[in-house]
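Below are structures written as structure tokens.
The same chain A turns up in both complexes below, where it pairs with chain B and then with chain C.
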Partner chain A sequence: MSPAVLAVVVLGLYPLLFILAAAFSDSTLGRPFRDWVGLENVETVLADADVVASFARTVLYAAAVSVASVVLGVVIALALERATRSGSVVRTVLLLPLITPPVVVGTLWKLVFNPGGGLLDTALRAGGADAASVAPLSSSAWALPAVGLADVWQWTPLVVILVYAALLTQDPSVREAASLDGAHGVRLFGHITWPAIAGTVAAVLLIRLVIALKVFDLVFVMTSGGPGQATTTTSYLIYQVALKEFDIGRASAITLLFAVIVTVVVLPVAALARRLSHA
Partner chain B sequence: MRSRVPRRSSPLGTAVLGIALLATVLPLLYLLSVSLMGRGETVSGVLWTSDPQWTNWGDVLASGLPRSIVNSLVAALGGSVLTLLLAVPGAWAIARYRAGGRTLGATLMSPWLLPPIVAVVPLLTLLRILHLNNTVLGLTLVYALVNLPVAVWLLEGFVRRLPPELEEAARVDGAGAMRTLVSVIAPLLVPSVVAIGIIVAILNYNEFLLATFLTQSADTQTFPVALSLFYGDRTPHFGKIAAASFLGVVPVFAAAVFFQRWLVGGLTQGAVR
Partner chain C sequence: MTPTPARGARRRRISAAVASTTVAALALVACAPAAGDAGTGDDGDFAGQTLNALLITSHEGAANWLKERFEAETGATVELTIVPYDEIGSTLALDQQSGANTIDVAAPWYVSIGDLAAGGSIQDLTDWIESTPSLQTDDFIPSIYDPYTLVDGRRYGLPFDGDTHVLFYNKAILERNGITEPPTTWEEYLEDVETITANESANGVYGAAIFGQKSPLILGAAFANRLAGFGGSFVDESGRPTINSPEAVAAAQALVDVNDVAYPTPAETDFGVGNGAWYDGKVGFIENWTDLGVGSETNPDSTVAGTWGVTTLPVGDDNTRSRASLVAGFTWVIAANTEKTELAKAFIEFATSSEVNSALIVADPQTGIDPNRQSSLESAAYGEKYPELQRVNRATLSGSLAWPTGENASQAAQILTDELAKLLAGEGGTAQETLDRVQAEWEKILG
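Let's turn to the complex of A and B:
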């Protein structure tokens, strides 16, 4: 067995055992594993409305952001494939958000949403909106969608590039035959293009969903989880509990429960991806 | 080239592409514009400054930021090279020798499902025991392992596409597994290894969460950590923050332009089987 496999087992297994041990013990950052407390941490966490709310918030956020990225990404990939003249410059420019550090992406959108002088505020004023400042990041209704917009901006290029690659592997003669038979537009897409890329789209949705469930950097930079708890995703909550309250036991219990939720959310999508790519 | 029948250029497609390009570039241009603004202008609703403050860039260049960019580059490239050294034999073993059966590939990817915050405390404890916390070396070693599953996953697709006859021929000629790997497999994989190396290096360069906890002293901070500290001031200077952001993005954007072909190839051919 290669050293790579051993290394990953050590890296994967060690944190897992650490978390399991901490979840069932009274643990602080300085003094882990003081006392075995059984299910006490898990019970505390499950009874905590803030924790349960963060689970629901994270799953809804991830679902919305993933669907938005995948729909936009497929549309842009189709446009990219149709625009025969688009060269490597266009493709490189479209990839830029993907390789921009998330901390910079967060900064960028924080500046755009900056009340009183940000790009959004200035544009709305120029468009004649009323003079009251627009401040999505300090509104409990709009803060999460605003973080989501930055997330979609950053990760849609991944969908574009993977779906575009799948489009290129299509046999062009099938498409030509279909269009000679009079299939155009929606019909051509539904009968020829979609079946060819459905497997890839489902796989990309899976990847996108996992990335969105883990969102942390954008929240950290843009809102610090606020206003109130409006943008406290589970990653951010675990960070707060573990490294601000130093309660490793409770943080580990949240982590374990979140692992269960991630698995439950991701498995159906993974099954769908597997079925579509073998169809 | 692909289609012999000249295709009608689609106005809708061109429009979509135009909007996508605009939506991509506009925020980046705005960041550049803010990086030249004075303190007052960032809250006054101007889109382009009339009096460019080049001192924003000067101040940022004179701060600890360039050092942090160097730290990031060292950890990103070092981590990437180590990842590849481990990933090539790993991917080969999984693809060719069915090491670990059908489940090993999936098992390797499973830690990727969880938020990396999960690993911070255990890793911090481990590095402290090894006296490697707060060192660029420690972070480099962590990066080497963190993206290993992704690298193995992408590489496996490339290894499977190599004709198995080559390895059989090497075996008939008496080459052992190690020899086959080094002299036959590795040279054939060079283009894909370069592509995956770039992707992994960019992932490392952009990583923030682990870096904040594993490199806390000023001389070991990476770029994302240094940038996040600009928010520490009571009234953050957005012009300087924007300048710092832009400066830190330059290496990745330069790499993307320079390695465009490899980058796209690595993302697409590795992932789409």
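Let's turn to the complex of A and C:
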């Protein structure tokens, strides 16, 4: 067996077959594949409103934080390029969130949002506001955006680095020529810069989307999926069903369905990235 | 020091086990050069052997205490693996199912033993327990012993940490707010909490810390305390779910009622946050394990030493008898695939003995262990050092409320927790609707 085939089997085929077999069987953490149950697990999962809601929640979350990261990342990369001579310190500082372990990021932002003396609470109290009720991680409406903020903070530097690298590959003479022809600001960006980096930006959006769809660590540390089900993303739900409820069969069924959803969401973005890269 | 009868018997058993191990080891040595840690030495009963024990973070102090003493007593080496409290069951199951088999003994949440047994992750210890009088099982607190060990008539472990909640109160905060007596009913409790929060929240002091983080051991505990107080139960005597009974609905509603006036915010309050607020003198009440009293006196961060009181959990509606809920509680089990069963048995016999439990519940620094034996509960040292804790434990441990423990009990606990979390977040409809959904799910998985 060639190394390539071996890699495909070990990294892709075996896990896929395991999940498939578990999804269609009565499998617990201690005893996988106890009994063949056909579509029972899939039917149970689809009938569970919390699971279906987690699919929608995760996709919306991923779309929102990905777009936010990419927009913010492109803006910062453009600013960095302009300040390239004095920006080495800034570039290094910008990398900090990226090299910080996700658990530390989650803990840090949990402390920021802590209603009992966190940064937000302290700032609001210092400003004279009644901060007693400001607890984003306990609010069904604000908990997911608060997790998303931490997510954007953590991953935007990745976008910055990749887009900044793309900007550096631009031929400066093209931009100079455009400037001499009177192109500035938005016009210069739209006609010269954007076509040069669009493929990279689309590829970064794809990467960012995939990372966001898998979000688990921030949810685990910051909210445990709460309040209620407000931040229960699908990855967290799979963890809960598999490792807290010991139900590997149901967890595998959720994984399988989520894989289908991820594929449906990601394919158009992948196609866009391919098209822009070849444009 | 003259050994007590229990310790003497245990030593005899350890010696017998050592003799057997020695014979087996000699036989192996005769056949081939031996390697690894299965041999015995001259300087101790299990010298040269290594036992791998899995415990939760809250028990790290107790784990180190046990390691030190057991190693000194037997010559064995104890390697500790410490994991978060809600991951110990899955860690053990994965270790055994994967074939890694790195764990010999573990102290998981008692609710998970049915699932661990069904998954083939732990050993059935019935025969050993029945044939080993030195275990003195009659001495275990009756309301703890069966729930912590029994699944479908078979015993899979021995109780380690009693873990029942009582109600602690900060005397100074109550006094400042004109509250002269701790509450005896959940209605009085709510009034007191509302009073304190209204008067002092501007200064960061609240009526109560409510464990509301979405975990069976946290939010589930807060609910179980009220369920016990209102006289309800999780299942009836035949094991059929009764989680939407009027008592259970009243318990859930009591939790909702206190949610808005508790230390901000219940959804973010886990053990660390809640205990921190208590030690900091920021809350009037906290439901907690009895060892919080030990920590209140000995924890370096505690500002409430000498200013706290403790009482039994309040009651509600028609129920007038306070009883404990076995909200957490941990049981020593032996991993199914361990090759060191005799050493593991010797260890858990040591760790669950009356002498050890008596020592752990008064140890300084705090070990996080509560009484699991009648003799340790009634010990002179416990009564002398923590008379109030002894009194409330004695008063409530009779007929205490236990979670279901059979197969799927872990899932049942998670379903209840998820629905309660939704109820507190305003997503679950009324308390009755919430518990009706839980009842329907429980009937499918618990029968």
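Here is the rule we use: the second predicted complex is superposed on the first by the 267 of 279 C-alpha atoms of A that agree within 3 Å, B and C clash if a C-alpha of one lies under 4 Å from a C-alpha of the other, contacts with A are read in each partner's own complex, and residues count from 1 in each chain.
In the analysis below, a contact is a pair of C-beta atoms (placed from the backbone, for glycine too) under 8 Å apart; a residue touches a chain by one contact, two chains touch by 3 or more.
Worth saying up front: this structure is predicted, and the values here are computed from it rather than measured.
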Chain B versus chain C as contact partner of A:E176, first or second or both or neither: first
Touched partner set for A:F18, first chain B, second chain C, both or neither: first
Which superposed partner A:N114 touches (first chain B, second chain C, both, neither): both
Partner chain(s) touched by A:L243 [first = chain B, second = chain C, both, neither]: both
Contact breadth on chain A, by residue count: chain C or chain B: B
Contacts of A:P97 with chain B and chain C, given as first, second, both or neither: first
First, second, both or neither for A:G228, with chain B first and chain C second: second
Which of chain B and chain C A:I76 touches, first, second, both or neither: first
On chain A, positions contacted by chain B and by chain C: 29, 32, 114, 116-117, 242-243
Residues of chain C defined as touching chain A within the complex: 86-87, 89-90, 93-94, 96-97, 115-116, 118-121, 201-202, 204, 213-216, 263-268, 273, 277, 282, 410-411, 414, 418, 421-428
Contact footprint of chain A on chain B as seen in their complex: 2-3, 5, 7, 9-10, 12-14, 16-17, 20-21, 23-28, 30-31, 34, 41-47, 86-87, 89-90, 92-93, 99-100, 104, 107-108, 110-123, 125-126, 145-146, 148-149, 152, 202, 205-206, 208-209, 213, 223-224, 227-228, 231, 238, 241-242, 245, 248-249, 252-253, 255-257, 260-261, 263-264, 267-269, 271-273
Of all residues in chain A, those that touch chain B in their complex: 1-5, 7-8, 11-12, 14-15, 18-19, 22, 29, 32, 75-76, 78-80, 82-86, 88, 90-97, 99-104, 107-109, 111-112, 114, 116-117, 119, 121-122, 125, 153, 157-158, 160-162, 164-166, 168-169, 172, 175-176, 200, 203, 210, 213-214, 216-217, 220-221, 234-235, 238-239, 242-243, 248, 251, 255, 258-259, 262-263, 266, 277
Touching residues on chain A, where the partner in the complex is chain C: 28-32, 50, 114-117, 132-133, 135, 137-138, 140, 223-230, 240, 242-247
